[in-house]
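Next come two complexes, and both contain chain A; in the first it sits with chain B, in the second with chain C.
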Partner chain A sequence: MAKSNKPVVWFPFAAGGTVIAFCMPVIVVLGFLAAVGRVPPGLSYEQLHAFASGGLGKLVLFGVIALSLWSSAHRLRCTCYDFGLRADTLIATLLYVAAIVGSIATAVFLLRI
Partner chain B sequence: MSRRPLIREVPPATWFLRHPRYMRYMAREVTSLFIGAYCVLLVVAMQRLSAGPAAWQGFLEALRSPGSIAFHILAMAAAFYHAGTWFNATQKAMPLQIGEEFVKGSYISGAHYLVWAVLSVAVLFLAGVF
Partner chain C sequence: MTPLKERLVQLDVLRYNPDTDTEAHFQRYEVICHEEWVVLDALNKIKESIDPTLNYRWSCHMAVCGSCGMMINGEPKLSCHSFLRDYEGVIRVEPLTHFPVERDLVTAPDDFMEKLKRVKPYVIGKKKPIEEGEHKQTPAQLMKFRQYSMCINCMLCYAACPEYGLTPHFVGPAALTLAHRYNLDSRDEGRKERMEVVATAEGVWECTFVGACSEVCPAHVDPASALQQLKIVGSIDWIVEHLLPGGKP
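The block that comes next holds the complex of A and B.
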């Protein structure tokens, strides 16, 4: 049977696409409110820190960020290809490594909280 | 007589300008740039949060620059466009059959929109926006 690494790349991509679709708009809206100076109470240090201190909060934050990173890396790879950058192996390696590094960094930051 | 296979030349970087359908596809592709950049911002946010109250306050203040506001507006447009196109695609990606009949595509996409709305309102409520 032909072996393929596609499912490994595809599963987090599809999961990440779903997570981005459901969660990213509201996250960016919260960030936008903070950017225009109407910081939502949930983004205050006390409340967000309390949320990230719990196991569930850590899991939610890590899940959303890591899956979104991976999905974005995969989509950016396709976007580069579609814009005529055909050095696919190089671009794929750079983007996937960036996504993995970002995910590990997120985990480390969350565990410090 | 020599065989002359049909070779269609496709310009690698401008092919999508030929058809509105390709343009819409690429518009969706481009949203990944903003969403990817926003993910990086979220990683930075986690670092700032873990560094203590002063660092977090500095992060919130840095968000208030005009460039950040412009970026947030573009990222919001990208996030909503990605979400809408994703939910519209669900009816094609996972058609649902009950008995002999397929469930109407609009119901499948509609259910996604409904869950999205409920989830977003719940997050905004929990974050104390209203």
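The block that comes next holds the complex of A and C.
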């Protein structure tokens, strides 16, 4: 049996999983803090806007969002598989297309800043 | 010395006799057991004093041989390691899921044995004349794979794995973990041969990291971690083979 080409989708998934594990809890906490009007110093709208305006900032944000989207898409594909939904090609296509569309949208919005 | 506490234990045991039954059915047994006993002791007492026709496998009674795996209240367990005091009410005992039942609680392990053979779970050694002595290994080299060498082939991980249940071709947790164990061994040179089986769609890539294998493993092998490490190894191999100049596909 030939070796699988799964690493193509698995590597970004693993990278995204790591990014999610490190960044998402922080983002959730910051989101709550912002909601109750207690934004930590250095994370005000103006400062974050300035961060997203720079080339490096755009790259970091794109990396975090695109990898997280890809990881979530792949995880959802695996979850569907675990639940016995065996239309894997269809599910994979739908989810990966959603992740790619989301990534392109992220790039477009970031470039507009 | 205070006498051991006794208790009436009720067990619903799945029975199946291929010579007379068309379908498996539950049979209720009631047996007086010591509070300190395990489910296997209860089954032994049933066989000795109530029903000698009851069939099940066991050998060591100390979680080493790996032969008494069965479903206890729906969970894959070693019956010699499942204490009666941890269960209330009627205890449901069934053969390991995902394996064909031969008789009562006895399942056929042939599929697992065939998969075990495929991953070559032995040292494929460096050729060295015997006069040069043994292959030495440092404690650090041993620690790399020691945990993965503790597998007792009890197949609880196969019964717990939903992927194996849905896709019987999947090589499965224990066999892949043993492949990883020999890949990590400093005396071994068989990684390339094993990856031909491990890195296929039926190999490690069928795993979706549910993690149930590690939860049920009585030897704390943590097969799920071995499989994730194999995915990293397989991915790096893929990059070398497909993207680097000079890499062979």
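Throughout what follows, the second predicted complex is superposed on the first by the 99 of 113 C-alpha atoms of A that agree within 3 Å, B and C clash if a C-alpha of one lies under 4 Å from a C-alpha of the other, contacts with A are read in each partner's own complex, and residues count from 1 in each chain.
The working rule: contacts are C-beta pairs under 8 Å (C-beta built on N, C-alpha and C of every residue); 3 or more make two chains touch, one makes a residue touch a chain.
Just so we're clear, the structure is a prediction, and the values are computed from it rather than from any experiment.
S.K.: Compare chain B and chain C by how many residues of chain A each one touches, and report the one with more.
M.R.: After superposing on chain A, more of chain A is contacted by B.
S.K.: Based on the superposed arrangement, let me know which partner A:84 touches: chain B (first), chain C (second), both, or neither?
M.R.: Touch status of A:84: both partners.
S.K.: Based on the superposed arrangement, let me know which partner A:7 touches: chain B (first), chain C (second), both, or neither?
M.R.: It touches chain C, and chain B stays clear.
S.K.: Is A:27 touching the first partner chain B, the second partner chain C, both, or neither of them?
M.R.: A:27 sits against chain B, while chain C stays out of touch.
S.K.: Where does A:109 make contact in the superposed view: on chain B (first), on chain C (second), on both, or on neither?
M.R.: A:109: touches chain B, not chain C.
S.K.: According to the stated criteria, A:41 is in contact with first (chain B), second (chain C), both, or neither; which is it?
M.R.: Once the two structures are laid over each other on A, A:41 reaches chain B alone.
S.K.: Just to be sure I follow: which residues of chain A are touched by chain B in one complex and then by chain C in the other one?
M.R.: Common to the two interfaces on chain A: residues 78-79, 82, 84, 86.
S.K.: Along chain C, where are the residues that touch chain A in the complex?
M.R.: Per the stated touch rule, the residues are 162-163, 166, 195-197, 199-203, 205, 208-210, 231-232, 234-235, 237-239, 241.
S.K.: For the complex, give me every residue of chain A touching chain B.
M.R.: Answer in residue numbers: 17-18, 20-37, 39-43, 45, 47-49, 52, 61, 64-65, 68-69, 72-73, 75-76, 78-79, 82-84, 86, 102, 105-106, 109-110, 112-113.
S.K.: Which positions of chain B touch chain A when the two form their complex?
M.R.: Those residues of chain B that touch chain A are 11-14, 16, 26, 29-30, 32-33, 35-36, 38-43, 46-47, 49-50, 53, 56-57, 60, 63-64, 68-69, 72-73, 75-76, 79-80, 82-83, 86-87, 112, 115-116, 119-120, 123-124, 126-129.
S.K.: Give every residue of chain A touching chain C within the complex, in rising order.
M.R.: Chain A residues touching chain C: 1-8, 10-11, 14, 78-79, 81-82, 84, 86.
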